[in-house]
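In the two assemblies presented below, chain A is common to both, partnered first by chain B and then by chain C.
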Partner chain A sequence: MSPLLQVENLSLVYGGDQVVRDLSFTIGRGESLGLVGESGSGKSSVANVIIGDLPKIARAQGRIRYEGIDLLGASREQLRALRGRRIGFVQQDPGASLNPTMRIGRQLAEALEQSDTPVRARGERAAEMLSRVGFDNPGAIMARYPHQISGGQQQRVMIAMALLPRPDLILLDEPTSGLDVTVEAAVINLIAELRAQFGTSLLFISHNLNLVAKACDRVGVLYAGDLVEEAPAGEVFQNPLHPYTQGLVNCLPGQAAVLRPIRGHVPSPQERGPGCLFASRCAYHLAGSCDAPFDMTAPDRSHRVRCARLGDIPAFARQTGAPEARGLDTAPPAVTIRQLRKSYPASGGDHFVANDGIDLEIRQGEILGLVGESGSGKSTLAKIIAGFDVATSGTIMVGDTDIASLPVRRRSRALLRQVQMVFQNPDSTLNPTHTIGWALGRAIRKLETPGTSPKTRVPDLLGLVALLPGLGSRRPKALSGGQRQRVAIARALAGRPRLLLADECVSALDVSVQAAIIELLQDIRARTGTAILFISHDLPLVRQISDRIIVLFRGKPMEVGSASQVYSLPLHPYTEALLSTGQHRAPELEQLVPGTARPAGGCPYVQRCARVVGDICWTQAPAYQRAASGHEIYCHIPPDRLLELQRASLPAHG
Partner chain B sequence: MMHVRDPRKSTVSANRRLWRHFWPKAVSARFGISLILFWIVLALLAPWISPYPPNAQDMAALADLGPSAAHWLGTDLLGRDILSRILWGARTTLVVVPVATASAFGVGTAIGLASGYFGGLVDRAISGLSDIILSFPTLVLYIVLIASIGPSLINIVIAITLASAPSIGRIVRGLTLELRSQGYVAAAEMRGESTLFTLFFEILPNARGPLLADLSMRAGLAVVTVGTLGFLGLGLPPPDPDWGSMVAENVTMIPVYPYMALFPGLAMCSLVIGFSMLADGLEEEQ
Partner chain C sequence: MLAFALRRIVQLLVTAIISSFLLFVVTEFSPGTVSRQILGPYALPNQVALLDQKLGLSQPLPQRYLNWLSILAGLKANPLGDPALGLDLSDSRGDRYFGNFGYSLMFKQPVRDVLREPLENSALLGAVAMVLIVPLSLFVGILAGANAGTRLDRVLSFGCLIVTSIPEYAAGVILLTIFVSYFNWLPGTSPLLATEEWSIASQLVLPVAVLTLATVGYVARIVRASMADTMTKPYVRTALLKGLTKRQIVTRHVIRNGMIPPMTVLLLQLNWLIGGVVVCESIFAYPGVGRLLLQAGLFGDLALVQTITLLSLAIAAVTQLLADISYVALNPRVRLT
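Now for the complex of A and B:
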């Protein structure tokens, strides 16, 4: 049987820049292929060329056959007949893909406009599809406008919309970026389930290797527009053959025990030569054999690799061992937080509680990981410590000063020096008007001991974050995201702070760059003794870097303990759910709508908890319990009992 | 052979770089700048190139007022040379317009930065006041203002500033609101920079692009305003030439001698077009 989609020797050129080079792959009926790649790998261009949505300057060569029709040569009418009906497309940002002025029901019915379905039956079909993507009451959802449902629900509506005309192939372009981890896991599981149900073929494009491997049978790895490896999903992790794939797996939190970043950067289209594009970063690069063009080779039927020296590449060695966690129980606290509470007035005289009685010590030289989904109050906590917001009550002691209600504008120079922050977005962390040297020079002037010469200290700081001193004269536009984030770290370190706040500071970066920044932060901690509060929604990542972990839910720490304890022996039902997402479907999807009021008096997690023991959970706030292993949990159930429950319900997990 | 850098060559390339930096890339902006420069040069050279003094009356020309070899653009009813009066009038316009626009921008930027950055009560006070001013029809505002404080160069500048600062402030406020949430502004606050430093070194430079385009457009509007005020008799006191009053003086003669009002009108038009094309081009370049 001929494959459903066949891409042969596809090359894409934007202006004079080669974006995709000699790309070939096939997707058979019912098959699923994932394409992974970092930014600049050309993965989204592949999706766009298939649906025929390329910028005007793009030139495509090669062949894309869809059931025998050549998509590159097809007329607009032919393409229109295919798009939507035969090829479904789920885009990155569901909020932007849904029309805000139309009810969900009408938008779904519109997806059937081109089909033979009689108008009267369309609503019914739409409702049926909504229930299949996991909505309990499709009627209510159809009557709503897009802004009235959560991001995860929007994405499920988009998936339902793509599935409605019963297409043979669905393209998913980063369908879960911007969603919470728990929601992301639910969406991925849904996709896998639906594929099994409908037999639809999938082309899943993402930067996240873990996700792609979960949702697809086969995985293709793109690097700088080259398909460097294509293999069954399991093989990619167990037996990656291409040096880049090997490097990528070793960058993945949760896959490798110790992250090992890939040095160098993805070559820009101008830097790309005719040979292997990974050569500049490859440890096995051999002048001569790697620099000429070469084809993909297939070591076995299901595995293809583009490497000239395939025979010489050693078998993949996974980074083993546990991340080094330092026991810092005896270190004096850098910052002590007591009974911190922050609430915002909400509609109807209610209060939205962002932080709820947090007791916490950040010890000197410690990396403390703070995890939680969006809306858990983790950023609020960082903002209060940084002084961009003030607490409703409670104290944050830095030395002898309480900074809980001291906004940044009123902090003394000595205080400012002690607490610094690295921000999330690498694009806006540096002022585009000023050079790197200017930015660092200002920080040195304001935060360093008076008299320090910026001339000598700027290269020092750049060196500390492993950047060349020559970068000082550049402007942020000339720097990559990873480099900008390094400069931001250097800027925060100018005054040798006692505490560095890092709020999602790597979440916008590619995995290989992310691994390098993690390594840098650990190195800085070791060299300067700065404590770091590392905030992220990504639990495996936090596990990599942290000595201790706090799991936050609706402003309340659910579990606090050393990284290895929390990760290997999660006790609290919420931590358990967070860590197991992806292994089973999150049962509480409908309750993931953010902002819903928490029950008064009871445990904040009770609505989603799978282990509710009775009324006590609803009416009485639990107390912290210390487990035998040393970590603390906020739950009514004794730690030992929780362990028993876990073993009973998830034999595979224990 | 050693490579010795030719010092002359390096200054040439430095000049070229400077030129490239300031010479806009968009065609419309280049055209606009050329038109504006054309009028600036004419205004500067007016004392030397204008064929007659602006207020001199040529009795001989009264027999035939139309364009002739002696008076290229003709004379007005009093026998004054229209070309000379346009050239001298350019001086008035090209002094009032930049001063008024700069002053309006200074005030507008200040209030916009303040209300966008501080928010709260400051924002409400400034926005409220701006709304009151903006709720008046601009022309009525000008007439009331000039009529009450008297027509003079300074008062025209004050009137234009008062009438356009609120809308400039609105633009700057919007840009500031967006820019103040950027990481680099937070970083500046975290290292204890003063408010003025944050506003003028961290926020304002990044609002430059949209503001430059607006500046150019408003300069064009100011040309029109100065012309309108002159036309209404609220401009500079006679007999000194000013394009608006030239149109007003000759407007009754349009059926007979259309050129008398036409030429100063065209002069005004071309300058306005120059500014708005520059604005278009600057917007395009962003």
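Now for the complex of A and C:
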């Protein structure tokens, strides 16, 4: 039987730039293939060329056959007839992918327009599909506008929309980017479940190797437009053969004790030669054999690799073990936070509490990981410490000064020097009209103690973040994303801060670059002794870098402890749910727009908690319980009992 | 929605009061007083001062503003209408009624009587122009925006750019040269008096054409930009990936979203069309408010200038209210906030 989708020797050129080179793969009926790659690997272009929606400058060569139809040669009408009906598509960013001015029911019904379903039955079919993707009240959802439901719900609506005409193939382009961890896990589970039910084939495109491996039978790894390796999902982690795949697995947080970043950068389309594109970053590069064109080889039936020196690449050896954390229990606090509270006025005279009675010490020289889903108040905390916002009540002591209600404009220079921040997106935090040296020089003049000359300090700082001094004369545009983030870190370090706030500072970067920045932050902590508050939604990443971890939910710390305590022995039901997101469907998705309803007086987590013990959870705020030295949870249930409950429910998750 | 509309109306009233005060201050500080105007350039200063006293013009500014408002609201009689002054000004509606804008010194008549006909004429001109402008600019803008980057878009955009860059007076003169001097198809002036040769409708053609030309290009370009931007939105791609046709995508997903930003601009044009088409009305000697405003300004007819400006302000405020309400109606995301 011929495969459902067959891509043969596909090449894609945008203007003069090669985006995809000689790509071949097949997807059989009911099969799922994942394509992983970093930015610039051409993964989204592959989905776009299959669906026939490319920019005008794009030129495609090769063959794409879908059930015998040549997609590259198909007319516009032929393609339109395939879209939706035969090939579904789920885009990234569900919030933007739904028409904001049209009710959901109508948008769903539109998906059936090309099918034979009679008009009257469309609403019913849509409602039925909504209940299959996990909505209890399809009628109510269909009457809503997209902004009235949460991000996870929006993506489930998009999936329902793609499934409605019962297509044979669904293309998913980063379907979970921008979603919270718990929501992401639920969406992935939903996709797997529905695939089993409908027998739909999938092409799953993502930058996240973990996700792709979880959702797909086979995984293809793209690098700079080349398919460098294709293997069954498990093999990619257990036995990666291509040096790039090996490097990628080593970069993944949670896979090994120490992250090992891939040096160098992805070659830009102008730098790409005829041979192996990974050559410039490959440790096994051999001038003669790697620089000429070569084909993929298949070490066994299900495994294909594009490497000229495959025989010489050593087998992948994983460094197992937990990341090393430093115990800094005795270190004096760099910043002490007491009863910090921040509330914003909400509609109806109500208050939205972003931070609720936070007690916290950030010790000198430690990396404190702050995790929580979006809306948990982690960025609010960082903003208040940095002085972009002021607390409603409570104190933040830096030395002898309370900075909780001291906005950044009113902070003295000495105080500014002590707390510095690295932002999420380095592209927008560096002024594009000034050179790197100028930007750093100004930070030095503003923050440095008098007497130091920017001339000598700029190269020092660049060296500290492992950049060449020559970069000082360049402008941000000439730097890669990772280099720009290094500059942003160097800027923050100019005043030798006591505390560095890193708010999602690697989430805009590719995995290999991300690993390098994590390594850099750990190195800087070791060399300068600055404390780092590392804020992220990425749990394995936080585990990788942090000494201590604090889990925030609706502005309240749910669990605080050392990294190993929190991750190997999560006690609080919320932490447990966060860490086990891969195993079972998170029940919290059923609730509506998060953050609106809040039980008065009770535990903030009670609505989503799987371990509610009774009315006490709803009516009485719990107290912090000490589970071990430095390990505290905010729960009514004693730690021992929680452990018992966890053990009892274990088989249910299978 | 109702609460939103009510809040906006209260805001509108506050705006009206503040802007009317500013307007009053600006016109009161213009050179020459009403008394000097009445008595002529050769009157003695003490005569002027005496009349100032009688008219209440020597009172402090806030008091004068209050007097003006009281006259406007019909609480007070206008001192100018006092027969003892011998100015021969009288009002058939009596001396106290709501909406008393005072007397026009230029016409020696109540402002209301002076304004009635020009206002109707201007409304007629504006309405006819708007009836053409709205569909035409939407059609051109949507057509160009939905096909952004194609040759059709480039031709339409370029045409709009040319039309926008021709000022009203130039467009007027060009049209006059072609259709009046050369072809003699249309009348050169539009006094709105039907003659044997030219009907009223034929007199409207050229003024409407000038206004339409001046506005369509501009509005169409804004509509185009908004449409083109909406075409690149992910939800438009969703519609494409559902297998909808281009026409279905544009009519269902693009137009409503793309119309949200241009709505305000379109309603601002309405405001301009009714209140201030001075140039166009002057070229064609069209007996409308714009031309009247020009005459009143040159003569120094304070009451008339104040009234016309106040009316423009009121129209501006109301059209903006309409724009806000239509914005809410078009965009479900701002509902109930």
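Following the convention adopted for this analysis, the second predicted complex is superposed on the first by the 646 of 654 C-alpha atoms of A that agree within 3 Å, B and C clash if a C-alpha of one lies under 4 Å from a C-alpha of the other, contacts with A are read in each partner's own complex, and residues count from 1 in each chain.
Following the convention adopted for this analysis, contacts are C-beta pairs under 8 Å (C-beta built on N, C-alpha and C of every residue); 3 or more make two chains touch, one makes a residue touch a chain.
Not measured: the values here are computed from a predicted model.
Visitor: Determine, under the contact definition given at the top, whether A:I205 touches first (chain B), second (chain C), both, or neither.
Guide: Neither partner.
Visitor: Quick check for you: in the superposed arrangement, does A:T433 touch first (chain B), second (chain C), both or neither?
Guide: After superposing on A, A:T433 lies in contact with chain B but is clear of chain C.
Visitor: Touch check for A:L23: first (chain B), second (chain C), both, or neither?
Guide: So A:L23 meets neither chain B nor chain C here.
Visitor: A:C505 in the overlay: touching chain B, chain C, both, or neither? Say first, second, both or neither.
Guide: Neither partner.
Visitor: Quick check for you: in the superposed arrangement, does A:Q420 touch first (chain B), second (chain C), both or neither?
Guide: The answer is first: A:Q420 touches chain B but not chain C.
Visitor: Touch check for A:V408: first (chain B), second (chain C), both, or neither?
Guide: first
Visitor: After lining up the shared chain so the two structures overlap, which partner does A:L461 touch, if you call chain B first and chain C second: first, second, both or neither?
Guide: neither
Visitor: Which holds for A:V36: it touches chain B only (first), chain C only (second), both, or neither?
Guide: In the superposed model, A:V36 contacts neither chain B nor chain C.
Visitor: Regarding the shared-chain residue A:I50, is it in contact with chain B (first), chain C (second), both, or neither?
Guide: A:I50 sits against neither chain B nor chain C.
Visitor: Any idea which chain B residues touch chain A in the complex?
Guide: Residue positions touching the partner: 182-184, 186-193, 201-202, 205-206.
Visitor: With touch defined as at the start, can you tell me which chain C residues reach chain A in the complex?
Guide: 149, 233-235, 237-245, 248, 252-253, 256-257, 330-333, 337
Visitor: Per the contact definition, I'd like the list of chain A residues that touch chain C in the complex.
Guide: Going through chain A, the ones touching chain C are 51, 53, 56, 80-85, 88-89, 91, 93, 96-102, 110-111, 113-114, 145, 147, 158, 161, 347.
Visitor: Mind listing the chain A positions that touch chain B in their complex?
Guide: 386-388, 408-409, 411, 413, 416, 419-421, 423-425, 428-434, 439, 442-443, 446-447, 488, 491-492, 494-495
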